[in-house]
Structure formats: structure tokens, C-alpha cells
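Two complexes are shown next, each including chain A; its partner changes from chain B in the first to chain C in the second.
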Partner chain A sequence: MRALSLETIGAGKSFGSFRALGDVSMKVRAGTVHALLGENGAGKSTLVKGIVGYGPLDEGSILIGGREQTIVSPRDAHGLGIGMVYQHFTVAPGLSVAENLVLSRGELPWRIDWKQERARLAEFMQRMPFNIDVERAVSSLAAGEKQKLEILKQLYLDRRFIILDEPTSVLTPQEAEEVLGLMRDLTRAGDLSVLMITHKFSEVTRFADDVTVLRRGQLVGSKAVADTDETELSTWMMGESRTQAAVLERTRNDAERVPGLEVSNLQVANDRGTLAVKGVSLSVLPGEIVGIAGISGNGQRELTEALLGQRRRSAGEIRVNGRPYQATRTEMQRERVYSLPEEPLRNACIAGMSVAENLALRDYDQAPLCRSGWLINRRAIRLRARDLIERFNVRPNDPDRPIGTLSGGNVQRAVLARELTEDVAVLIVSNPVFGLDFASVELIHRRLLEARNRGAAVLLLSEDLDELLELSDRILVIHDGEINHQTVPAEAERQVLGRYMAGTEQNDQQVAS
Partner chain B sequence: MNFRNQFYRVGVALLPGLPSLLAALTTFVLFMLFLTVQGKPAWEACQLVVQGAFGSAFALESTLQRAAPLMLTALCVALPARAGLIIIGGEGALVLGGLAAAVAPLWLPSMPTLLMLLCMAFSAMLVGGFWIGLNGWMRQKRGLNETIGSLLLSYIAIALFNQLVEGPLRDPASLNKPSTVPLGDDLLIGPISDQFQVHWGLVVGIIACVLAQILVRNSVTGFSLQVVGGNVRTARMMGLPVDRLVILTCVLGGACAGLAGMFEVAAVQGSANAAIIAGYGASGILVAFAARQNPLAIIACAILLGGIEASGSLLQRRLGLPDATTLILEGILFTSLLAWEALTPRIVAWRLRLNERVIQAQGALQHG
Partner chain C sequence: MADLDLATFFLALLAGAIRVGTPFIFVSLGECLTEKSGRINLGLEGILVSGAMAGYAVAYLTGSAWIGVLAAGGAGLMLGLLHGAICSLPRVNDIAVGIALMVLGTGLAFFLGKSFIQPQAPSLVAIHLGGWSDDERVRSALSINVLFFIGVALAFVLSWGLRSTRWGLMLRLVGDHAESARALGYRPVLVRIAATAAGGFLAGIGGAYLSLYYPGSWNEGLSSGQGIMAVALVIFARWQPLRCLWAALLFGAAGAIGPALQSVGISSGYYLFSAAPYALTLAVMFITCRPNQTLSGAPGELSLTR
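The block that comes next holds the complex of A and B.
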């Protein structure tokens, strides 16, 4: 058997006084798929980075194939046959598949003998259970194919132990199924062992042999998947079973009303000048959450940017509360349009400015934050910031700290504090909980529902189907810049949504806006 | 405890100046080395620089005389920098502003002296502001890199200046030094007082820096500029008129440089001629970077740099060092400043740590 077994004994790692990982002992049997579960900040990444040598462990030992090994750099790990597939692609999009594979070898002669390399690649591909045309440009590959290429790359490099970091987060349900199935087949054949970081229970129960759960840097449990169930796993992960947020009473009358947000035939070009949004029409009523599902890169980013005023639109119209909307500051303040964009540090904050200043971005030009119409009142800005910081539990609670030095969850809470004021009329939200821990996710979801219940029109773009199904009143599917499906969560089937997201099914029904 | 707390507070306040201080030290060492290698008396030369800059009333006057335009050209860098632009074409705005000021009295109907001076200042600011504003416009609307754009526009401005001064605007009486028609004596700006032989440009420069500080630090517009400079995506999300703000800050910066040109013409040269192309624009970049784009710090840095430039002749007379020596000194200073700039992220981290200590200490005081 080529597959390697891996065991950690008493693995630990500290960052300053913070102990990110302590006394974790686990075993990945050779030729199995082992799932590593845990919420954000549980220590999964720390453990895995220790194993691949990006952040060597301070304590404990690692046994590979039963022998103790020291791994202090990625080079050590690679030498032992351990490789990692990251959540985000690490292939060069401008090159072909063949070039990417050959380049990944690292140590190349000064002159590459492409004829010989191609022959070797062809021979390699024949041995593989799945194939990609090596002459294709990587930029032309779909997400699932890129993920397969990442895995092929690891096999090409002769890795016998592969770590997958949330491998399906960028894939459609069908693609995820296929990729994980392939991994399972390869391990069954004894070619490799897989350690897979995930937070999806369904992937654990369907594809993994064993599962290990971490919580706050500690090992909570490790056993065969067959001997456990979802309730036990979720108890292990969260401490107690996750409780559903109470659904709040909402006031809604479905009489004829002016939509909060109305988009008609919107066209937006991407950075390369080609149309990324090709005539999208939709409307969101006050007191309604409309979710937009889609695989990343199908025009969601351009759509959001156009709605936020970050990107010019080539054609079409946006109306807010019935009036034409150009995303100027006056309109935003008059119509009460707010937003939670993805990657808040990049889109909604100024990293170098203080938390207090960032909290003032919406209304620093209005009383009481501004005096006599032109003077900034820094005292008022700090005072208000202190209040918001306490109400939204932003940590550390220092208003003068540059916001870029806060953790992701705290940045998002600060943005939430600024954007979700009492009187939101329209809210544009994009992947609001990406990379956040469960507590922050709960808080943000609850606030979104509260805003809706107070009568806000909420447009929610998300790549997380669970989030959309949980929060939305209606779901639209976007594919290749067009809305091709509309449904309500109660009737939505994941498989159907997945097919529309992947574009294998097109516009079979009239999409009402 | 209290003393320590004070110490931390001072640390927090002074840390941002650390790169400039280190740059000054590095420059000192490198300049000494540069002179020693040539077999020149390094220590004496350094003493002469200080003496030539601040050693006598005459030296001080000469220093301040040079500092005045530097403050204004530095603002031409510092104001656009607030919105995230690196403009290095202040020289162009200065020469064209100077030219506008020189020809305004010829073209405008006669009016009282003070009014005419204001008109000259206004036309200089208008032309300077237009020139740098053009950079802002090209950047926002045409995607042109503002640093390269401003440099090239500056060359064009100088060529245009020479073309006009040697051609259509030349005073036929200026024979070997092409100039515009000299300003009337009433339009020449004199010294602040007989005891203090520095022209009024110094006062205007200081006022401009103070106003710029208020704009940048205390006004709504300044806050908006900081947002644009910090993260343009966020600025757009906040609905700020990004293009307008960028062009506005460029126009203001260019107006300052234009004003510097007016004082060079009306207070120093008496007419627009090639002598006003003296490198004040380039030195202004140095001043702005040394001051870390802070308008109040620009006042001090401009005086310091004015001093270095003023000491050139003394070095030449006493030690026989070439004129370019002060340029070398400035070059070393600029390079060191940019090199030490790399410390900035660390300084942010250090400040945070000190700040936490201050907060801890305060907590201890309150509770204990």
C-alpha cells in the first residue's frame, strides 16, 4: 500500500500567550478519509499547518507511517509525501494544465524538454481515475475542474498523504459529490490517505471513514464515522446542540407596495470589459429577504458592486423606494440604503483608520458628528463609537485602534453596528458570514431577520446554500450573469438548485421579477 | 506608575516621527562618509551646514527665504497624498503660476496695488490649480498613473514656460536673460520688516500650511479625502464623489504651487524668467515626505531643507566643495526617508502595544 498513516501525539501550538492548540492526539489510518471537524478558531488550521510545516508545532510529535518525523518546513512535509490542497486555488490561471503541473515540481532544469514532459504527463494521466485535457488553459476550467487539477497536482507530485482544506466550498453540490467520491475511491485503492477539513456534516457522514472534532484548540473526540451520528458530532463541535434562533414575529402586509429595491435589465461589465451581469431584473419588497444563489464568479460580485455604487453600470435601471437611484451619498442617506459587503475590510472599512472613524463613515457629514456643517466633531465620533462598540460587542473595545488590527469577526460586527441602524430601508448583503465563527454567524443572521421584520428590503447574495435556505423568503439563482431560476425555500430542492447554479438547466420557467 | 504612564503617552505621540529621525541620523552618517572618502573635513563641513543655515541673522534670513516656496510646493504633494495620490509635478505648476502672475498686470486693467497683487495671486493659483487638477482628471477619467503623468506634465509646463518667455511674452529689453516685462516697483513684494529681510511669502506659506492642517484634520472634506485615500472601494460604497474629491485636492495642491511661483516672481526675481525653475518643486516633494505629508510638520521640514540649500554657498567658499554637495545631501536624505518608511507597519504595532499599556495603567489607577 502506498498510502501513509499519520499520527499526532500531544500536538500543541501557542501564539504568544494564546494557546491555539493543546495536547491533540489523533490518528489517520493509511488508506482512509479522515474528517477534521470544528468551528472557526477551533484549531483545525493550526494543526494542519503544523503537519505541512507552514507553522511548525511547538509541542508533541508527528508519526508518519509509524516513524517519528520532524517537520519544520513545507519542504520536510513534501519530502515525506505530504501535500495540501488549499481552499482557494493555487494554480496559475494564465498557463495551461500541463505547464501548471510541470511547474509545480519546483526543481526544474534550466531548459524544459516539453516533448518528454508531455509524454510523461500522458502516461501519468492514464493511470489517473479522472482526466483533464493537459493542453487546456487553466482559466477555461470550471471550479470543479480546477479543484480536480489541484488534486491531480498532488498526485503528480507523488504525494501519499493529502490534506484538503474545505475542498467543496467553491463547488456546486454535483461537483463536490464527484470530487469527494474520487478521493474516496483513491483511498480505497490504497493509493493515498486523506485528511479533510470541513464543516459540513453531510460530507463527513457520506465520504469519511473516521472523524476527529476539535473545539477551542482541544481534541473533543475521534472515532469511526459509522459509530457516531450528527447529533453527537454537533454536540462535540458546539459544546451543546445548536439551538435554532427564535423566529421573530414580523409585520407584513402583502398589499400593493412600492418595492424597496427594484432592478431592471441591469448590465454590468467586469474588469476586463466583458459583460458579467447580462440584463438582471429583480425586485425586493419591504419586509422581504430575497436570496441570490450562485457559484462564485457568475456575476454576483459585479452585481453587488453596481448596487453599492462601486462599479459603473453599462445599462439598465436601479430604483430605490420607487425613485431612480445612482448610489450617491445624498440618495443613500435619504433613502436609507445600507450594505454588508463581503470581505468587509476590503470593501467597507479603511484598515488604517480607527474603529471610531470607521463607525462614523455613514454620517460624519451630519450632525451631531459634524458641527457648523463642515467641522468634524471627533469627540462625538468617539463617544458614539464607544456606545456602538458596547452594543455590538466589538473586541478589543478601544475606539482608537486601527480597524485593520481587529479579527475578522470583530470587523464584521463593527460594520454591522454601522450599517444596521434602526431605520434601514434597503439592505444589500453579500456573503456576510464568510470565514466567521458560529457565534458571529448567529448574531449576523439574527440581525438580518430583525431588519427584515422591521420592514427592510434585504437582498442577500450568498454562495452558501444553507444560509440562503435558512434566511430567504424567495431565492433566485444567478448563472453566467443571468437569473435563471426562482423558487421559495419551502419548495427548493438542493439538487435542482445545484443544476441551475451549474447552468445545466436553463430558463425552463418564466422568471418573475 | 503615573510617570511611566506619561512616558508611554509620549512614546505613542512621538513614534510616528521615528522614521524621519532615523533617516536624519542615517543621512548624517552617510554624508560624513561621502565627504571622508573624498578626503574632505567631514565634521567641519557638517558644522558649516548648520552655520550656513542658522548661524547668523543673514543665514537665517536666507534659509527662511528658501523655505517659503518649499512650504507651498510641499503642500502640492501633501494635499493630493491625502487622497492617495503621489504627485511629483509641483515644479510645473510653480513655473506656470509664476508666469501667470508676471503677465497678469500687463493684461488686466490698472487697479490699486493690493487688488492687483490679489489678482496676480489668484491667476497664479488658477493656473497652478488647473495644471495639477489636470493630473487628477486624467487619473480618474483616463486611468493615467498620476505620478508619471504629473512628472511629464511638469516637463511640458517648463517647455511651455521657456517657449513663452523666449517668444511671445519676452520683454524686448531683456537681452541675454529672456524675461517677461518686469513688474512695476509697486508690485514687488518687499520684506516683512527692515530688521527681518524675508519676503511675505513665508507668512503666506505658514498660513497655507495651517489652513491645510485644518482642512485635512478638522473638516468634513478632509475626512472624505482620508476615506478616498484609505480605501477607494469603501469611499464608493459610502457614496462619496471620489472623482470630484480627487480633482479638488489636486487643484488645491496645484494652487499652492502656483502661489509659490507668484512669490518667486514678485518677491525674488521681479519678472518671470528661467531663474524660477530652481528645483523648488522637487525639493517640495522631499519636504512633504520628510513631514510624512503632515501640513504642520511641513513648516519645520521646509525650514530645515531651506537651511541645507542655503548653506551651499558657504560650503563652496570655505571648503571648495562643489555646488552639487547640498544636492547630494538632499538625495541621501530623500533615499533614507523612503528606506525608513518600511518601518511603518512595525510602528503601527508598537503604538498599539504602548496604547494598551496606557489603557492598562489607567485601569490600574482607577481601580487601585
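The block that comes next holds the complex of A and C.
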């Protein structure tokens, strides 16, 4: 059997006085898929970074194939046949698939014999259960294909132990199924062992043989998947079973009302000048959350940017509260349009400015923060910042700190504090909880529902189906820049949504509103 | 005879494109190499002028034009190395360093080159390919400097090398995605310093062509912005060496419009036509750079596109 077994004994790691990982002993059997479960900050990444040598462990030992090994750099790990597939892509977009694969091999002759390399790659691809045209530029691959390329790269390098960091976060349910099924088949054949970081129970129960759960850097439990169930696993993960958020009262009447946001036949070009949004029409009523599902890279970013005024539209019309909307600052303030864009540090904040200044970006030019139209009242800005920081629980609670030094969850909470004022009319939200811990996720979801219940029209673009099914009143699916499906969460089926997201199912009906 | 005139005009234009375009070939290939590594060197103008001065001075002192060319390359290499090293310090912006280097390079060259303005250094010799013709114009148009052929060969070698050698792939990887280069154990900083130094070497040789062949003397008004236009040229060429070659010839041709018209007896607007390369630069920038679009083919790590 080529597959490697791996065991950690008493693994631990501290950052300063913070103990990120302590006394974790875990065994991955050769030729199995082992799931590593835990919420954000539980120490999963710290553990696997220790195993692949990116952040060597302080304590404990690692046994590979039963023999103790020291791993202090990625080179050591690679030498032992251990590789990792990261959540973000590590292939160069400007190079072709073949060039990326050949480069990854490390030692190359000074002259690369492309004829011979191509023949070798073709022979390799023949053995693989899935294929990518090696001549294509990586930048032209869809997210799912890039993920496959990352896995192919590891197999091309003859890795016998592969660590996957949330491998399915950018894939459709079908693609996820395919990739994970493939990994399982390879392990069954004895070619490979897999350690997979995940937070999706369904992936654990369907594809993993064993599961280990971490919480706050400690090992909570490790078991064969067959001997456990979701209730036990979620108890292990969260400490106690997660309580259902109280269903909030909402005041909504669907009588004839002007849509808060109405988009008709919108076309937007991407950075390369080709159309990324190809005639999208949708409308969001006040007191409604409309979710847009889709795999990343199908026009969501361009759509959001066009709605927020970050990108020019090529054609089409946007109306807010019934009036044409060009996303100028005056219109945003008059129509009360707010947004929670993805990557808030890049799209909604100025990293070098203080938290207080960032909290004032929407209205520093209006009374009471601004006197006689030009003089900024810094005291008022700081006072209000203190109040918002307390109400939205931003940590550390120092209004003068540059916002770029805050953690992701706190940046998102600060942006939330600025954008979710009392009188939001239209809210455009994009992947609001990406990479945040459970507490922040709960808070942000609750605030979104509250805003809806107060009558805001909310457009929610997300790559997380669970989030959309939980929050939305209606769900639209975007594929290749077009809306091709509409449904309500109560009737939605994951597999059906997935097929539309992947574009294997075409326009079932004319979706206009 | 309108036919003859047209032939004369195009012959003069072709000869001019080669004569004026040769330094563009070297400077743009050098800049292409540097930018492929993910850095932009705006100091090429300074390197070009330094190369011109160093080449002229050494050729005068040693009596050999070819040693002068090597010295020019050496001077360019040192300045490129300086740029590469400074930019490798944390939080240093390559564009700002480039502008400083432009001023430093020209300033140093003017200061050190004062005493070489008068004397006559040996020139690079041209190869006469027009011996078969008894037409004087054809013969003068076909006397081409060896550096041109070296430049053309270099463009093909670079184009092949970036695809099919270990160093070429490494350079492109570093310029496209430094993080994965690091993950593969390469050291982007060293690669970039080397690429900037090599780019400086080529730009220095471009300078030597100016002072040792055409126009063929050292003075402070020698360069007319070729170093800066090369940056635009590389963008126009979409970071591909072979296209750099064609673009350099195109820019050379634009610079030769005035003299070519003069050769057929049209001398009005001579100075207006000498502005053609600059107008072409502006037009290229206007056509290729648009808001809401990144440049296709640009190395991913370039500060220009990030």
C-alpha cells in the first residue's frame, strides 16, 4: 500500500501567551479519509500547518508510517510525500496548466523539453479520473476546475498523504460530490490517505472514515464516523447543541408596493472587458430578503460592484424606491442605500484610518458630524463611534485604532454598525460571513433579519447555500451572468439548485422578477 | 515620378525604423524582462543615458567601440542592480525608486560626461548589405549595425527562453504569483534583482548604440525619452518579446517619418513629424488602457495592474 498513515502525539503550539493548540493526539489510518472538524479558531489550521511545516509545532511529535519525523519546513513535508491543498489557490493564473504542473515539480533541467513533458502529462492525465486541458491558461478555469487542478497537482507530485483545507467551499454540490468521491476512491485503492478540514457534517458522514473534532485548540473527540452521529458531532464542536435562533416577528404586507431595488436587463463588463453580467433583471420588495446563489465567478462580483457604484454598467437600468439610480453619493444618502460588501477591509474600509473615521465614512459630510457643510466635528465622530462600538461589540473597543489592525470578524461588525443604521431602505450584502466564527455569524444573520423586519429590501449574494436557505425569502440562481432559476427556500432542493448553479439545467422559466 | 518617390520614401522609412528602432529593441526587451518578474523599472531613461555616456567614454579611452558597448552594459547592470536592491527593502515602491533612478542616472552621466562632449570616440561599424545595388540610396539604407541583428536574435531567444527554460518559467512564476513561487522554494526577491539587473544591462547597450552609432556622439540632449517610451512599448507589446521587437520597429518608423519625408523633398512640418513617436505613445496608452479593465497578459504581481 502506497498510502501513508500519520499520527500526532501531544501536538501543541503557542503564539505568544496564546495557546492555539494543546496536547492533540490524533491518528489518520493509512488509506482512509479523515475529517478534521471544528469551528473557526478551533486550531484546525494550526494543526495542519504544523504537519506540513508552514508553522512548525512547539510540542509533541509526528509519526509518519509509524516512524517519528521532524517537519520544520514544507520541504520536509514534501520529501515525506505530504502535500496540502489550500482554500485559496496556489497556481499562477498567467501561466498554463501544463506550465503550472511542470513548475510544481521543483527540480527542472535548464531546458524544458515540452514535447516530452506534454507526453508525460498526457500519460498522467490518462490515469486520472478527471481531466483538464493542459494547454489552457489557469485564469480561464472556473473555480471548480482550479480546485481540481490543485488536487491533480498533488497527485502529479506523487503525494501519498494529502491535506485538504475546506476543499468544497468554492464548488457546487455536484462538483463537491465528484471531487470528494474521487478522493475516497483513491484512498480505498490504497494510493492515498486524506486529512480533510471541513465544517459540513454531510461531507463527514458521506465521505470520511474517521473524524476528529477540535474545540479551542483542544481535542474533543476522535471516532469512526460509523459510530457517531450529527448530534454528537455538533455537541463536540459547539460545546452544547446549538440553539435555534428565535424566530423574529416581521411586519410585512405584500400589497402593491414599490420595490426597494429594481434591476432591469443589467449588463456589466468584467476586468477583461467581456460581459460578466448578461442581462440580469430582479426586484426586491421592502421587507424581503432575496438571495442570489451561485458559484463564485459567475458575475456576482461584477453585479455587486455595479449596484454599489464601483463599476460602470454597460447597459440596463437600476431603480431604487422607484427612481432611477446611478449610485452617486447624493442618491445613496437620499434613498438610504447601504451595503455589506465582501472583503470589507478592501471594499468598505480604509485600512489605515481609525475605526471612528471608518464608522463616519457614510455621513461625515452631514450634520451633526459636519458643521456648516465643511467643518468636520471630530468629537462628534468619536462619541458616536464609541456608542456604535459598544452596541455592535467591536473588539478592541478603541475608536482610534487603525481598522486594518482588527480581526476579520471585528472589521465586519464595524462595517455592520455603520451600514445597518435605523433607517436602511436598501441593503446589498455579499458573502457577509465568509471566514467568520459562529458568534459573529449569528450576530450578522440576526441583524440582517432585523433589518428586513424593519422594512429594508435586502439583496443577499452568497456562495453558502445554507446561509441563503436560512435567511432568504426568495432564492435566485445566477450562472454565467444570467439568472436561470427562482425558488423559495421551503421548496428548494439542494441538488436542483446545484444543477442550476453548475448550469447543467437551463432556464426552466422566464425569470423576471 | 511619384512611383520612385514612394519607393524612396518607404526605403527611407524602413532604414529609419531599423536605425531609430534598435535602441528601442534593447530597452524594451530589458524592460520586458524586468516587468515579467513583477517589478517595473521607470529608471530606464537614466540607465540609457548612463550607458550612452559610459560606452562613449570607455570607447574613447580604449579605442575600441565594442569594449565601450560592454562598459555601457556594465553601467546599466550596476544601476539595475541598485534599483533591484533598493526595491527589495520592505515597503519601498518600485515606481518611486524608478523616478529617482532616472534623475540619478541622467545627472551622473551629465556630471561625469562633461569632458567627453568634444573628443571623437570610435564608432560601431555597420554591415553593408547593399553592395549588390548600384543605387546609393539602397546602399545607405542597407548598411545596418550589428547590434540590430543581435537585438533581433535576442528577441527570439527571450521569447523561446521564457517558455522553454527553467529560468524563464521561474521568472514568469515569480512575476505572476509570488506566493506560489515562494511555496515552491524560489526566492522572488533574488529573481527580481537579477531580472532588473539584466534589464539594466540591455538598456545600457541601447544607450551605447545612441552614442556610438546613431546619432553617434555624446551630448546631453542625446536621448529623447526612449527609456520612458519603452515602458509604454512593453505594455503595448503585452509583455511578449517578439511583439516588443515589432513595436520597437514601429516606434522607430514613427521617429523616422520626418527624415523619410525630407528624403523625398517634403521638408515642411519636419519638427511636427519628429513628435510622432510621442503622439504614438499617447495613442497606444489611450487605446490599450481603459477604466474597469485590467490589461490582458500583464504579470499578476506588477504594481501597475494590482
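Rule of thumb we're sticking to: the second predicted complex is superposed on the first by the 500 of 513 C-alpha atoms of A that agree within 3 Å, B and C clash if a C-alpha of one lies under 4 Å from a C-alpha of the other, contacts with A are read in each partner's own complex, and residues count from 1 in each chain.
The rule is short, and it goes like this: a residue touches a chain if its C-beta (ideal position, glycine included) is under 8 Å from a C-beta of that chain, and two chains touch if they have at least 3 such contacts.
Source: prediction; values computed, not measured.
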| item | value |
| --- | --- |
| Contacts of A:Ala269 with chain B and chain C, given as first, second, both or neither | second |
| Of chain B and chain C, the chain that contacts the larger number of chain A residues | B |
| Partner chain in contact with A:Glu335 - chain B first, chain C second, else both or neither | neither |
| Touching partner for A:Asn347 - first (chain B), second (chain C), both, neither | first |
| Which of chain B and chain C A:Glu7 touches, first, second, both or neither | neither |
| Touched partner set for A:Glu178, first chain B, second chain C, both or neither | neither |
| Which superposed partner A:Thr90 touches (first chain B, second chain C, both, neither) | second |
| Touching partner for A:Glu450 - first (chain B), second (chain C), both, neither | neither |
| First (chain B), second (chain C), both or neither touched by A:Ser104 | second |
| Touching partner for A:Glu442 - first (chain B), second (chain C), both, neither | neither |
| Sites on chain A touched by chain B in the complex | 308-310, 327-333, 339, 341, 346-353, 357, 361-362, 364-365, 370, 373-376, 398, 400-402, 405 |
| For the chain A and chain C complex, residues of the former touching the latter | 74-75, 90-95, 99, 102-104, 106, 108-114, 269, 271-273, 311-312 |
| Chain C to chain A touching residues, read off their complex | 163-167, 169-170, 172-173, 175-177, 179-181, 183-185, 290-294, 296-300 |
| In the complex, chain B residues that touch chain A | 218-224, 226-227, 230-231, 233-234, 236-241, 348, 352, 355-356, 359 |
